[in-house]
Structures are given as C-alpha cells and as structure tokens.
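Please go over the structures that come below.
The two complexes that follow have chain A in common; it is paired with chain B in the first and with chain C in the second.
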Partner chain A sequence: MSIRTYFLLGAVGLFSVFAAPHRSIAQTAGANTLVIATTQVPRHFNGAVQSGLATAMPSAQIFASPLRYDENWNPQPYLAQSWEVAPDGLSVTLHLVKNALFHDGQPVTSEDVAFSVMAIKANHPFQTMLEAVDKVDTPDPFTAIIRLSHPNPALLLAMSPALMPILPKHVYGDGQDLKTHPANLKPVGSGPFKLTEYKQGEYYTLEKFDKFFIPGRPKLDKIVVRIVSDQNAALVSLERGDVNALPFVTGVRDIERLEKAPNIFVTNKGFAGVGPLNWLAFNTRKKPLDDVRVRQAIAYTANRDFIVSKLMGGKAVPATGPIAPGSPLDENDVETYKVDYVKAAALLDAAGYPKGGDGSRFSLTIDYLPGADEQQRNVAEYLRSQLKRVGINLEVRAAPDFPTWAQRVSNYDFDLTMDTVFNWGDPVIGVNRTYLSSNIRKGIIWSNTQQYSNPKVDELLQAAAVETSPEKRKALYSEFQKIVVADVPIYFINATPYYNAFSKGLAGLPTSIWGVMSPLDEVYWETPPKT
Partner chain B sequence: MTTLQTSTPLAIEPLDLPARPAASPARAALRQFLRSPSGVIGLCLLIVLVLGTAVGPILYPVDPLDLVGGPFTPPSADAWLGTDYLGRDVLAGLIYGGRATLTVGAVAALITIAIGLTVGALSGFFGGAVDAILVKLTEFFQILPPLLFAMVLVTLFGQKLTTITLAIGAVSWTSAARLTRAEFMRLRNLDFVKAARTAGAGNAHLILRVLLPNALPPVIVSATLAIGVAILFEGGLSFLGLGDPNVMSWGLMLGQNRNYVLDAWWAVTFPGAAIFLAVLAISLVGDGINDAANPRLRRRT
Partner chain C sequence: MAFAIHLVRQIANAVALLLAVLVLNFCLIHLAPGDPVQVIAGEMGGASADVVAALRAKYGLDHSLAEQLFTYLGNIAHGDFGYSYYFNEPVLGLIAQRLPATLYLTLCALVMSVIIGTLLGITSARRPNGIFSHTVTVFSLAGYAAPIFWTGLLLLLLFGSVWPILPVVGMTDVVHPKQGFSYIVDVARHLVLPALTLALVFIAQYSRLARVNMIEALSADYIRTARAKGLPEWLVIGKHALRNTLIPIVTVVGLQFGNLFAGAVLVETVFSWPGMGRLVFDSILRRDYPTLMAVLFFSAMMVMAANIVTDIVYRLIDPRIRTGRP
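Here is the complex of A and B:
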C-alpha cells in the first residue's frame, strides 16, 4: 500500500509541477482573487462532522458560526450579535443577527442553530467539546438557548468557526447520516464564500456570497484553493506569484526560504487556537519507564534548548507543559528539566538501574511520526545520541507510514515515541484526552496512549471542566500542569512551528487565534499583484 | 582451483592438465587481469576503500551516531568533513558507513549468487518439469520491479540492515539464475560431461564437480557486478527513507541529508562520492575479471 502511495504521490507531484503554470493562468483570471496552495486534502467541507486543518479552512469560509475570535482570545459577535452566559453556567443564550441568509436564500434561524449544535454533539470527533449540552431551546426564530447538564467553560470557544459551523436544517436535516451526507461535498452555509467548484484532489473554488450578512464583506471576489501534493511545488508557486498564500508551513528550511523571498510575508500568528505541541511520550506502564525517576532522568538529559535552538533553527517556541504557549491558561512556573546529566544519573541509580560493565543501563526504542523529519525524526535520532550519555541505549524504530506508527502507539507497542498533538483552544477539547485515566482506550490514537493515570489529575481536570470562574479555572489548570510536568508522562519540547505565508500586497490577514481556519472576509489586495 | 583444471574442457591440453602444476590457469587469469588497466585501477580503488573502512575506525575512533558539534558545521579542523543536520561527524559516518555499505553489498551479492546458482544449476541440469517450474519461478521474480519489491519487503519486515540485505538478495538473483541455467544447458551435452556420466558420476558429482566449475567464470563476473548493484540498492532504499536508522551507511547519510543539501553540501556530497567510487571500482574490477576469465579473450592476446 505504501509503495503505491509513494508512487502516486510522486506521480501527482510531478504532474502538479508541470501542470501548475497552465492552471494558474486559468484560475487567477479576474482581479480580487486569492489563490491559496495547500497540501491538505479535505475529505469534504463539513466541519461539523470532521476535524482537522484540511476541512476546517474551507468549512470556516462556507459556514458561519455563532462567534468568532480575535488575536487575544476574545469572543466577537458573528452569527450571534450578542450572547449571555447564565450565572449558574447552565445555559447560554444566543441572539442571532436577523439578516443572515444561507447560500440558497433561506434565512438562518435558531432552528438551524439547534439542529447544528445537536448534530455536532452527535457526530464531531471531539466528543468532550459539547458533551455537556442537553438540548437547545428556540423561543423565537432569532434566539437560541443552549442548555447544559453541567457548566462548560469551553463552550464559547467551541462556537468558533472551525468547530461550530451552522448547518441549514432544511438541507442536512433530511435524515441521512451526516458523516456521509451528499451535501458535505456540495455544502450550503451562510458564510462569506460559497463553494462553486470542487475538482477532487486538485482544487476548489470559493466565490463571494453577495448576500453575506456583514455589509461590505467579503472583500475578495473569489478564493481558489489549489491542492498540491508536493510542498516544494507549493513553495515554488508562491515564490513565482502563481499562488498568493501558503498556510501551514512547518519546515524550518521552508520557513527560512520564504522569509528571504522579497515578495512574501511570513507569520506564525494564527495558530494559538490550534496549539500544536511537539513532544516525547513515554509508555508509563512499561518497565523501566513505569518509574517516574527514569522518566525524569530522560527529561533531564534531553536538552530542550538544544533541540529548539539548533535542530529547529530557532523557529520553534519551547513548550514546557501540556497547555500550549500562547494560551491564557499556560502555566510557566513548572519544572523545566534544564539539562543536568549528574542529576539524571543519580535518578537512574536511585531507580535501581546502575551502569553495567559496558557503561549502559538498559535499552529502549523510540518511534516517531513519519513524514515530519525536523519535528520528529531528527529529534528521535538526536535523543539516541543524547541518552547514551547517561547510559541508555535507544534504538530508533522507523515506521514506513502513519498507520503503522498509529497502530504501534495506540496498542501500547512502544517505549518512547515522538508525537505532535493539538490543544484545539481549550483544554477540555484537546488537552484532557491525553491525561484522563478514563481516556486510556486501546486502539485509539491520540487518546491517553501513555496510559498515564493519576487520580489527582483526573480530579483537577474534571473540576476545571465545569468551573465557570476564570480565575479558579486557571488555578486548577495551573496545578494540573505542575503535576503532569513533574510526573513526566510526556516530556514537552516545543510548539510546532506553524507558519502562514502570504504574498506582499495582501491586507486584512487572518492573524486571529484560528488563523486561516476563520473567515477570510477581511482579506483584500492593498496593492494588487501585477499580472 | 584444482577442480577447475580437472574438468576445464577449453584448456589447451586438457589431457595433460591433472599432471600440470596446480596454479597455472589461475596464474594465467591473474596475469590477464593485471594486464587490463581498468581492472588494476578498480582493484587499487577498491583496496583503498576497503582498507579505509577496515582500518579507519582505529585511526579515527569517533562514533558516527554521536553528536560532535553543532549541526551543519562546515569542514574544519575539528570535523574534517563537517557535520550533518544533527551535528554528527561526516568523516566518521563515511568510515563506519562504508563498513555497513560494503558489507551489505558483499552479503547481498553472495545471497544473490547462492540463490541464482542453485536455481540456475538445477534448472539447467535437469531440464524438463524441474526446469519449467524453476523458470516460471524465476520469471515470476523477474517481472516484479526489483526496487519496489525490495521496498515492500523492507516495509513489511522492518527497517533493519539484515532485512535490507536479505531483501536486496531476494530481488536480484534472477539474472544470475538465468546465466547459470544457460551455461549448464550449454555444457551438459558436451563430451566431457557425457564421459563423466558414463564413468558413473552421480547427479551431485556432475553438478558440483563437473559442470559448476566450468559455469563459474561468467557467474563470478556477474557476482562482482551484483555487489555494485546491491550498494546502489541500499542507497536507493535509504534515499526513499527505508534505511536502517540505527546503522550508519553511505546510503543513509545520503538519504537523510538530502533535504539539507543547500545548507550542508558536504554531508551529501561525500557519501555520494563514496558510493560512486565504490560502484565504479567494483565495475572496473568486474570488467577486469571478465577479461581474465573469458578464455576466448585470453587466447586473443
């Protein structure tokens, strides 16, 4: 299978290199168009039933959501012109704008909000996100009251464009399974752009919805998203000006290359919401890693500073705990495991693993996510050399493809593994899953595959998930972070360096916490590109 | 060598051979080999490479997987050939990597020849149903694209150097089998074979002592070339990300560093040059052996 994939990728990559110039002529025709290149292939466009960057980007253009967010995590009115959270935290009332229409001309009403919320609760992969929702009342067409069984402080963030697209009930409510609904590929939303063409795996075209409910928006007439399988082809197209934006760039060399290009603007703003963390995970049920001292010793040896400054060329931000840097809940006052070989050796001795005659204590394996060399493979190889300093032999186990790696890790067939996991804005959505002992679910990747279990952590996370006072909540998460960092089920390394690159001349760029996974209705050409 | 002369039908005086001093054809072949300039150059080059990887670790005891400096350090007094993307010493990589690469090449070639000889000999000697089956088997392996097949094997059984070696051997034996089969079919009806058979020699004796020595020269040439092919295979697999990440080899260096060629040309160029030289040396030697082993050419000179 992987062979075929390689070949297909190669073939498609070649094809896209050669085909690019022709297509660009056809597709950039007409001023006021934005051409985006991406390697992310969406399965479909309905973010209500599908997570991930590939779907979130178009879904946020096509569907409007109750709220949107600015750069500083503040909710902004969107489909809801105002909203109130009840003092007991058990209900949220949304007052909808009255002039919002779906792309087919039908008005957006509270019925649609109620339908969408329940549909997302039933179908979205992030089960904890709306777990607290009992029902949605619709006292009038423009008021929706979301009723909760217990407070959920993450609910407002879950109303973001990427997570809560409002679907038209008259289209999606026909009883068909939402995950495979035909309208997922022919979506009807109320967002600033409507999907007019999708050539599977090649490109999709989003055109301005002229009855969008915010006057004067969107400023662009058209967005063309060109799907390229080869990152290099995408870089070249951007440098040549064939495309105007390239989101989700992670390679350090790629970022440096784009920074040097005279016609391109590069920013790492727009990923605070995603909160991508790159880390080293331990199988905490397997000897000798079941001993916290062994894990701490490895943490004291790993040397985060070197990894971030040298291996990642200073393009990544160090991460010291389970909540991504940039989140208002991030606690900095935790053990940082500054490199200390003496302490590491002492911990290993104390754990009962003295150095043997050949200078080694024990052997372990390390896995890594294939396909992300700088963030994953290189760090794994570096750790092999590094851990040898304290007498730990590390064998690097390469996985030929993602399913192989996921199979190993989710079935606990690993000692150490590198991994990249997203926070998705609020701990309830993207953090809890990694640490709750109730989420030790064999066979499911990105659950608690470390099999970490600490009753105190469970308790803190459960309390924080229903705590409505922001200060108390922050305090609970702060304690949680300190405990997890001290227990080292995971050694946190860095926030994955995600960058968006744009042609110079574009303005109104998406730098909010959700970046390009929020509506691009403010983007416009300040100085249009020369054609 | 003794067996070689007892049954060499093409020697000039076959009847006298058993009584002649033992080394003569071998010495003749050696003389012939040394007369071909390309063979000598290849041999010298190969000796340098083998010596370098054999003695190098004693003279330059640096672990190729250890970090000796910052990533992308250009060649300097500290690291003569610079460091790679992690800060590993490129020179140490070349020395230790050469061991792995040349070993993979030699062992894979041995496997190739072992399988090829067995299948080819049985097929060519017995003919008939055995031949039909073995030829079908050979054809089956032959129609599979070798690099892809090797990739499948490595993907299935893990990225270990042993797996990689076995995979290379398993996919590249077909030409050796066909060559051996052709030689056996040509030889088996010649008079000296018939004579041996009439004298009561069994099948095993005929195959091993009579036919095999005479079929060997072209097979030896093909075995030499197989080493070069195996080295290229190892490089190709590593280049596609299927190398053994725990054992430094030239292919692995090339494959892992290729993304950083603009930042650190030295980490790609040197192992690339090493592979080039090794394969060149081996083909030159193969050429030389071919000249030396081919009696027709020998007579010509």
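Here is the complex of A and C:
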C-alpha cells in the first residue's frame, strides 16, 4: 500500500472516531439519572452559611430541613413530622421523625436541630431570619423547642430546605469555622441525595441515599449537575438531550426558543419563594431625585405595560409594589403609574424643573446590573428615549461586571439604576432590608442603597415583623406597600421571568414555592429517555 | 559556553520580569472597581454590614494596599499563593487541577495551527496566483478577522445543533466516566471544537507567514541551484526552502504563546473547558485576587519558558545563530 493509501485510511479512521453520530449523555445515562445544566458555580454545598441559588440547589438535595413547602405556601412535614407554634408566638416545638439518618449512618436528633439553628443564626448572611431565636431546648432526642425573644412570623418559612439545612453536629460541631469547614465541600446531610463527586467548577454528582427517611424516595438514582459557563452551550445541550434540565432561564429569547423545542417542557412555576423583582431604583438623596414629584414623574413616563408586553415579550408578570406577585402578602391596590406624560410634565414643573429653551429640564445617569441584558440593559436603553419625552436627558452607564456596578450603587455613586432583587419568601428575610432606614449602610450592596427613609414605613415593618396574626400582618404590609409605592424610592416593573426547562418525559417536577431549591425526591422518568 | 551564558542571562531576566509581573498585576487588579466581598455578598443575595466587615477582615482587605502587597509578596516567597476567596480552596490546588486541561488545549491548537498553517502556506506558495492560493488568502483573512468567541459560537451551533456530531460542553462524559482508551477518545472528541476554534486564528496567521516566506525562499539563488542540480521538487522544498521558511514561524510561535493563552480564556468559556482560561474569566468577574494573580503569574512563567525554548529551537534551525556567523 502506498503512503497515500495509509494516509487516507488514517483520515477515515479518525473521522469515524470523532464524527460518529453523537449519542447524547442523557440518552446513555440510564432511566434513573437526571442531568442538570447550570451556569451557577457553588462556592460550597452548605446552605447553613451561604445563601444564593448556586448553593441552595445542591444543599436542598444533600440536607433535609424541618419543613418543606408546597406550591400554595403551605408548610409540609419533612424532618419534623408535626410542629406547634405557642399561642404567644414565643416558641415553636418540632417533633422529629424517628427514622432519619445522616449519610454516615448516624441518627438525626434534636441536638442536631439545635446545633443547626444556632449555627445558621450565627453564620447565615440573612441575619434578620433567625434574629429572634434565643435558644433551642432539646427535652428528648426527637423534640426540639425553638425559644424566641419576640414572635417571628417568618420562622416557619425559614425552616425550608433552602434556608435551614440540618447539619450533623458530630461533623460540623468540631469547633472549626463553619464558613470554611472542610465538610462544606464534602457534606454529610440527611437529604435524599448524597454528594459523591465534585470536580471544582465542572460538575458534581449526587447519588440516591438508600436510607432516606421517606419510603420510596428519592425516585431517581442519580443527579449530575454540569456547570456550563456559557448560556448558549447550556441551551444547545438541553435541546439535543445532553442534559435534561436547565433551571433559572431568564432570557426572553431563550425562553421562547425552548418553548418551541419539541422535546422540552418549560415552566415558570417554582420561583414564588424567591420572589425576584426587576425594578428601577432612585438615589433619593441626590438632586433632583430627592423630590418625590420628580420620581413620580419618571414613574408616570416609564410605561410598565410596554416594557412587560413588548421588551419582555409578555413572559414577565407586571409588579406594582415591593412584595412580589404570587406572595400571599402582595397588595394590588396601589398606585400603578399608568403612563401619563401630561401629569409627569406638570409634576416636574411643580417641582421647579421647567423645560429649558432646548426642551430639556435636567440630565441624569442610569446604571444597570450587567449580565441580564433583556431585563436590565434593554429597559435602561428604552427609558432613555422614554424620559426624553418629558425633557429628561438620560445617559446609560454600562458596567463591565457585577463588582463595578455594585461598587457604584453601594457607594451611592448613581442617579437611577436598574436592579433585580429577591424577596426570599418573607418580607422579614428579603424585603425589609431595602426600605428600613436603619439599613442605609454605605458599601453594602442590596441594603437600602436608595437611602430611602420614612419613619412610618420603619414603624410598619417593625410591627409586621413580630405580628403573629396573619390578617393583621397582611394589613400592616398592605399599608407599607401603599406608602412605598407612593414615595417611589423604587419604580417596580416586573417579576423577573425565571423559568425552568425540563426534558419531556420527566414527572414529579419541582413546582413548590422553592422550585429546584427544594428536594428533587419526587422527580422521576415517566417516559424513560431513549437508550 | 557563549550559549550557556546567554541562557543564564535570559533566565535572570525572566526572574526579574516575573517579579515585575507580580507587582504590576497586583496593582492593576486592585485598581478595578469593586472587591471580592461585594461579589460574595451579591451571590448570597445580600449580606449584613457585620458579615461584610467580617469577610473583609478575614481576607485581609481591611488593610492598606501597600500592606496587602507586602504580605502577598512575602507569602509568594514562601511558596504560598493563597486561598481562593471564591472556590474555597488553596489556589495552587486549583491551578494544579486546571493546568493540564489548558496545556492540552493550547498545545493541541498550537500543533494543529503550525502544521496546517505551514502546509497551506507552502502549498499556496508554489502557485501564488492559483485558485488554491487565493482561497487560502481569503480563508486566512477571514480567520484572522473573526473574533475567537464568535467563531466558537458558530462552531458550537453548527456541530452542536445543526449537525450534532460532537460534544459541546466540558472535557469528558461526566455521566458515564470512561477508562483507558475510551477515555482518550472521549477527551479527544470533546477537544475537537475548542481546539479547532483556537487553532483557526493561528492557522490563518501561520499560513500567511509560510506563504510569504516560501515565495521568497523559492526565488532565492540556492533554490535555483538546487533545481539546476536536478534535485526532485519535494526535496528542494522539504529540505532547502522549508528550513528557511520555518525560522520566522518558530519565532512567531514563541511570541504567540501569550496570545494562545489569551484565546484560551474565551474558548474555555464558550465550551466550558475546565482549564485555567476559564478560571481567569471566573476570577476576574468575581475579583478573586489570589486566584487571578496566581494564574497570571504561572501564565507569565509559561510564556517566558516558551520564549526561552523558542530561542533554543531558533538556534537549532538556523546555523548562522548557532555558530555566530552573519
């Protein structure tokens, strides 16, 4: 054979090896494996000391919590088979299941619950969440009584998997700093899945815990979470079946593209707990925005309906106040600022900013959170042309990355900024921080960076934070929402359209208020993927 | 002897340059707005002032910049590159995990681009006005002009969606890990698109370079002499012309090593290739100072090593440099 023939054969061989029809990973993975793609990189897996979506998703699989929630905001038994809140609201008694084991075979006891609650209070970034907890009594191995200094109506919600993972005291109670504990990367929990492998920044594997305390669960044998740095690659991987689930999809075009894919099911259920809001924030201590009439004028000009229906392709739900739509505490009876240019112009005139000879009144800048163009940059660009109608010149300032934007906003070096902020289930956890005057803290992002201060709002939020009657609490929050919307430290635009995408054939999907940040123990393949 | 002295001098220069790189990188990174604590607080969905203050104290960010720099240099002198703020791991461990993937990607892209680029250049030089030559010229200009990330996205869509024959994410099949020869084939399949993306730009450059130099070499007197002696054409090109054509290519290869790493940052991000380039990308976005500085330090070291190796190879190829003759 000549050299040319050898070369030809070699080339054909190589081509057949590399370009053989690609069998997708998920197609070869077996009927009981779920492959999830995510762009989120977890710092570690311990949700007791780290909040955020990246850690909460795996943490909820690895660790069980006292309670879990359904999609209607009702608490459900989990590690606690029953619970009682004292009439005075100063204690909550948890009765634990007796058959729960940690992944290392040790039983879950009230000592572990007590240790975890106090550890979370000391280390979790949401300091208001368990601020009322004084101590946890453990009268017997399966009863834990959480004692409070004052009532905390958010406490039951704080017992969700995303917020209160129960840690094994015999592993984490060795005196090491919990934030850097080695077990954060090699966690031991009592949840439905145990972590068997983590390739830093590349993937992690969760395998079924055979001794999980709920019989017959989890239904899957394995979950592989593949960390994909590029959203386009994640979308292509889902479309061709390499992965079976892609959570936290927020791009409108991405959502529409996935909705059209024949093998994919897309849902926006599972984010009520997160309560993500997209808004326009004002620096209320900077002229001319220190005048409420100027802020109201901008609100009357912004045109929420156009933004939601056109810029977001109808995929987003309009938001009119500080509590996300879908929350039982959301108040709809607030000023909605329907577009009204005449009223806006009158407000600006009254505020002492008449139109000049060139038709303009004043100039402002607008920043936006980088990385979510459709929710942020596009709206900022649109507002530039919109505000021009009433004589406000708006300059859009891009930030190359999150730290640059955060530096500007947290140090009050901004006029207007687009932002996305989460409610985290209860106002005490995720809403109060934006409006309490005591939380105006320079340098801290997602504190009260608007520097908004209203004593009545402070009073209402403090009262609602300890009010145990649901009706009275709702009334307090209703009044709070009406005042904030009228004061316009923020112009609320929409609930950020988060979607989860799954391969068709999957069932038992996570549609509770915490979505994929709750245990995936009920997910299974109704129609197994092709092999 | 002269070569040994030259080599020692080059290594001494490299050490001084590395120190400068360390200080410069430190200053540049700290000039960027924001800090890692804001990123950590951001990814937590917000954090209290106490948590932020505790994090700043923990990472030594509450000290002055000069103090931080001296502490950092002192630690480096003891071989301590620090702890990643973001990944919660010692930085050296992170780099040790990622370095092989980047070396694999960049070296494959380099070899691919040098061989293909040179072959294309040489072939087109034989008939500079032929169709093949013009095709290569157009291809080279397009390849050189296209941004790497754009080429990557196009290849990703082409081979991931339109003609889905190759994996588009990661380095291995993570669901069914392979062993032995299957593992090699698996990694090679995952490598095709990232390596091709990275190589395309450099193929374009090398083909242009090889073409120009081969045209020049083929018109030289010694080639005319070789042909007059009756040597076969492949020997004229392969032995006489090619050697002279390779000298500028080898020089450029050494100089391009840094660009190759820069390209790897984008390619690794598009294809989720778990290498140092992606680590750089993640570290910049998260202001993970220790990781970023260590990666830049080791990248600088590799570029310098590549330059020294180029210098040595250059001497092997060009006898005039080896013997000191003009």
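To be clear about the criterion, the second predicted complex is superposed on the first by the 501 of 531 C-alpha atoms of A that agree within 3 Å, B and C clash if a C-alpha of one lies under 4 Å from a C-alpha of the other, contacts with A are read in each partner's own complex, and residues count from 1 in each chain.
Simple rule for what comes next: contacts are C-beta pairs under 8 Å (C-beta built on N, C-alpha and C of every residue); 3 or more make two chains touch, one makes a residue touch a chain.
None of these values were measured; they are calculated from a predicted model.
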item: Clash-or-fit label for the pair chain B, chain C on chain A; value: fit
item: Partner, of chain C and chain B, that touches more residues belonging to chain A; value: C
item: Touching partner for A:Ser149 - first (chain B), second (chain C), both, neither; value: neither
item: Which of chain B and chain C A:Val236 touches, first, second, both or neither; value: second
item: Partner chain(s) touched by A:His44 [first = chain B, second = chain C, both, neither]; value: second
item: A:Ile445 touches, of chain B and chain C: first, second, both or neither?; value: second
item: Partner chain(s) touched by A:Asp373 [first = chain B, second = chain C, both, neither]; value: first
item: Partner chain(s) touched by A:Ser385 [first = chain B, second = chain C, both, neither]; value: first
item: Partner chain in contact with A:Leu311 - chain B first, chain C second, else both or neither; value: first
item: Which superposed partner A:Ser82 touches (first chain B, second chain C, both, neither); value: neither
item: Shortest CA-CA distance between chain B and chain C [superposed frame, angstrom]; value: 7
item: Doubly contacted residues of chain A, that is, touched by chain B and again by chain C; value: 401
item: Residue numbers on chain A that touch chain C, as the complex places them; value: 17-22, 25-26, 28-29, 33, 35, 37, 41, 43-44, 50-52, 54, 125-127, 180, 184-185, 199-203, 205, 224, 226-230, 232-234, 236-237, 239-240, 242, 401-408, 410, 421-422, 424, 430, 433, 441, 443-447
item: Residue ranges of chain B touching chain A (in the complex, touch as defined); value: 65-67, 70-71, 85-88, 148, 151-152, 154-155, 159, 240-242, 245-246, 259-260, 262-263
item: List of chain A residues in touch with chain B within their complex; value: 2-3, 6-7, 253, 310-311, 370, 373, 377-378, 381-382, 384-386, 388, 395-398, 400-401
item: Residues of chain C that touch chain A when the two form their complex; value: 32-36, 38-52, 86-89, 94, 97, 153, 156-157, 160-161, 164-171, 173-176, 185, 188-189, 192, 268-272, 274, 278-279, 281-282, 284-287
